[in-house]
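Structure in structure tokens, see below.
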Amino acid sequence: MSNEELKVKITELLPAATFEEGGEWLTINIDPKDWLPLAQQFRNDDSLYFDYLFCLTCIDWKTHLTMVYHLSSVKHRHNIVIKSKLDRSNPEIETISHIWKTAEFHEREVYEMFGVNFLNHPDLRLLILPDGWEGRNPLRKDFEDTINMIKL
Amino acid sequence: MFITKYIKDVYKGVRSLLVGMKRTLYYFTHHKEIITQQYPDNRDTLVLPERFKGEVVMPHNENNEHRCTGCQACELACPNGTIKVIFKNELTPEGKKKKAIDKLVYHLELCTMCNLCVEACPSDAIKMAQTFEHSVFDRNELTKILNNPGSKIMEGVE
Amino acid sequence: MWSFSNIANNLHKWLSETFNPTMTLIIEMVLAGVAVIGLFAALGLVLVIMERKVSAWMQIRLGPNRVGPKGMLQSLADTLKLLVKEGLTPNGADKLLFNLAPFVAMIVAMLLMAPIAFAKDFQLWDLNIGVLYVSAISSIMVISILMAGWASNNKYSLMGAMRSGAQIVSYELSAGLSILAVVVMTGSLQVSDIIHSQADGWWIFKGHIPMVVAFITFIIAVTAETNRAPFDLAEAESELTAGFHTEYSGMKFALFFLAEYVNVFIVCAIGATLFLGGWMPFHIGNWTQFNHVMDYIPSSIWFFGKTFFLIFVIMWFRWTFPRLRIDQLLNLEWKYLLPISMINLLIVTAMAILKWHF
Amino acid sequence: MFEEVGTTTEGDIIINVGPQHPATHGVLHLVITLNGETIKKVEPHLGYIHRSIEKMCESLSYRQFIYVTSRMDYLSSHINNHACALCVEKGLQVEVPPRAQVIRVLMDELTRIASHELWWGAMAMDLGAFTPFFHAFRERESINDIMEETCGARLTMNYMVPGGVMQDLHPNFQKKVKEFMQLYKRKIHEYDELVTGNIIFQNRMKNVGYLSAEDAVSYGCSGPAARGSGVSCDIRKIYPYEIYDKLEFDEVLETGGDSFARYMVRIREMQQSIRIIEQLIDNIPEGDFQAKTKAVLKLPKGEFYTRVETARGELGVYIVSEGGTTPYRIKFRSPGFSNLSVLDHIARGSKLGDLVAMMGTLDLVIPDIDR
């Protein structure tokens, strides 16, 4: 499906979604509440069939966090980017690790690096950081580590 | 049939093993194929390619002159803060004050040999040397001053 | 003639003339013990350097070449290093068993030296059940490995010991059955009898294809029994770091290491004795001239030549093949080697009864 | 064996494979729950070599950050650098000269071969065969020599810069590459003799670590790990970059889904890389090796994502720019991270000895996973 067709289809599925222009791929902004049902439709709808989550990350915009999901379809070869704005002080979003298995590890990484709480995640523990780092999120912009970080 | 399949399996398996053994026997008997380089012994004949990135050096000519204008392009280009340019004020023959480099400090221990400083240098004052045996007993020895003592800038380099 | 048996006989004669019989026996036993220990050390040194050189040449490398002429003293330097290393005993280990295990391994390897005929009429103890003795004693080896694995208080060691136990117990069978093939042909369990029965041709040539099959089975089985690659599951380093000797260091580790190599030597010596005629020279039918030349080569050289050839074959396996998995290892034994060697034993028995061999 | 795999019960043994262990090439730490020899659960613990490259890059300029990415997947550092350079070029809208494009593709493919060579040797070594490791290094060394001559380094080259490549090819490059290809073709049959055809090896690999196509996609596997399950995911084919759309090569697909299929994909991929090099080596166009770019690069505000095919799979570089000289946020979607997540799934129920075969065929490079 081309970007235009995707746009029409997604507007049908979720009228509240807003679209972002300028990117290579179709980018939609959604509310975190809408994400889980939408994700299920993305995965299961035959004309969309986004079965490959190739990137899951988060951006710290100092005022808020943005979750970014890059989805692709191996069958139809179309891509889409989903963004969802999260509250910075209490970021929460539904997990999608049961829909795309790869999300389990990626969400754990985002959890420890940005402190995003993934609701209903089966095993939300620190993956990369050593024990005792809960609550200190290195990839947030205001993270300070006076010992290990060297300012040039 | 079961028995023929069994025998065929055994034959195929043994054959594949013998093929592998033939290959190792070939190397066991052909010592010409040995590729070992006996490193510390072949130091005299060891030639590194001219582009090999060993460390940053500043070439000087026979009059103890270098080409560095002190433009700090290398310092800015370096991702690790490996290079620090320290200035001094020099008097030109006409009596004017002129900025020149006092020291070009190079921290070999921080250097990743990325070649970005050499690329950035507008006057070709620094280049990569082919030395690679950098280990020393004291870490301080890795902090080098690239320009020779008493050296000055070459005529005509701006 | 200047041979091992002459030296031994002259020594015995001189000792009997000088001392009373009890004293003679004691001195001879001490001498034999010293000789075995000396052979042990020498074998360890030679086999380690041999393995390293063989592996290096197969891997297009030079191998050790710094210590001594052409690196020949490398294993001496290694031994020295191991001697001065601290022998650690882990805190949670069973101290007695942990320290005992390497010595059990050594003692087993030493006991196995007894019935081996190193040269013509040169044997420590030519007991009439020599072959049975060898297969019986070599089974004790597994006890030392289980001891080491259990006493180390380490999961890797324990798993290595478990694997090793399963492996050695299974491969005893086909090793035993292929030895039996020779015993059936010879009609004797005595090592000297078996060697003498090969005066007119080695069993591997006399016994047609069944004997070749028995020989191959034997080599595979003993490779597994001595925990050598491709059957080195007990110490599979990519799975169990070092298996049963993970916790050992210094000289205790060296003893395991040495015992492994001496075991390889012993099983190869047994293989050479049973299938390749021990110290018997190579004879071809009625080529008297050729046979005469062969007789000139001393018997000890024949024995060691054959043994080292078999050792080389086992090393050759090690540096060519990947390791088997534990279930495949047992499959190979129970589904392939054991049926094959059983049927083979039947054929050999039939051959022995019907006198089909040369 | 008798209870459900994946649960822990009283008699289970928990062993730590890594961070220092001969099976993990690097500092991967796997906590394995075993029932006898059967694996019930594999739990990776990461972070032993985490350098937070993403955070580091936030303070480096667009020229500088490329060198850091060599240290991610150090076996395909050219391709990492290539991905970053492509992403910056996408933002700058720079046209790369044709000569630079060809050089980049040549270097990528040489890197791919070198990486697969090392993988082949290391995997054979994991399975207990030591000899192939050294034989693989013979070919790999000659590639490294070529790299050393042109790029000045053997492993972390930092040769790709935004707009092209850092230096022109060395005059000996073509000759050396042809020599390498001759060496490779002379020695390729040894790979079959020593490893591929070996009955022990085949038994160790076949029907081990089965990964279905659906699971491969769901777990985000890419590269040979997914292509072994029949998932067509070669970025060079489906989203061609540089001149890959003009080249003739096949996307290697195997349908077995087991370790042997993943193994065969890599072996055949090496031959495809040779094919690409053969097409290009005599047709390197003349011209500039670097496009003219400004001294200080500034990406426009926006988000840029590039996908390239490394030796391990799909590497994604996601740059979020605020219009400054440094990236605001950079994310590397590394192939190893997703490939590792599938390990638990495929390892359950198999033997401990199989674990090394699976880890070998997933081709885990730990700095790539940890970043």
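Things worth noting here:
Note that the chains take the letters A, B, C and D in the order they are written out, and that residue 1 is the start of every chain.
As a convention for this text, contacts are C-beta pairs under 8 Å (C-beta built on N, C-alpha and C of every residue); 3 or more make two chains touch, one makes a residue touch a chain.
Because the structure is predicted, anything quoted here is derived from the model rather than measured.
When the interfaces B-C and B-D are ranked by how many C-beta pairs touch across them, B-D comes first.
Comparing mean CA positions across the assembly, the chain most remote from chain B is C.
With centres set at the average Cα position, the gap from chain B to chain C is 51 Å.
Remark: chain A and chain C have CA centroids separated by 63 Å (rounded to whole angstrom). For the pair chain B and chain D, the distance between C-alpha centroids works out to 25 Å. With centres taken as mean Cα positions, chain D sits 45 Å from chain C. Looking at chain D, residues 131, 138, 194-195, 198, 200 sit in touch with two or more other chains. Among all residues of chain C, those that touch two or more other chains are 58-61, 319-321. For chain B, residues touching at least two other chains, in rising order: 17, 20, 23-24, 27, 35.
Listing the residues of chain D that touch chain B in their complex gives 60-61, 63-65, 67-68, 131, 138, 141, 148-153, 156, 158, 161, 166-167, 170, 190, 193-195, 197-200, 202, 295. Partner chain A is touched in their complex by these residues of chain D: 44-47, 50, 52, 54-55, 59, 214-215, 217-222, 231-233, 238, 302-305, 307, 314, 316, 318, 320, 328-329, 331, 333, 337-338, 340-342, 345, 370. By the touch rule above, chain A contacts chain D in their complex via residues 22-25, 27, 51-55, 57, 59-60, 68, 70, 74, 77, 81, 100-102, 104-106, 109, 127-130, 138-139, 152. Chain B meets chain C in the complex at residues 10, 17, 20-21, 23-25, 27-28, 31, 33-36, 38. For chain C in complex with chain B, the touching residues are 54, 57-62, 65, 316-317, 319-321, 336, 340.
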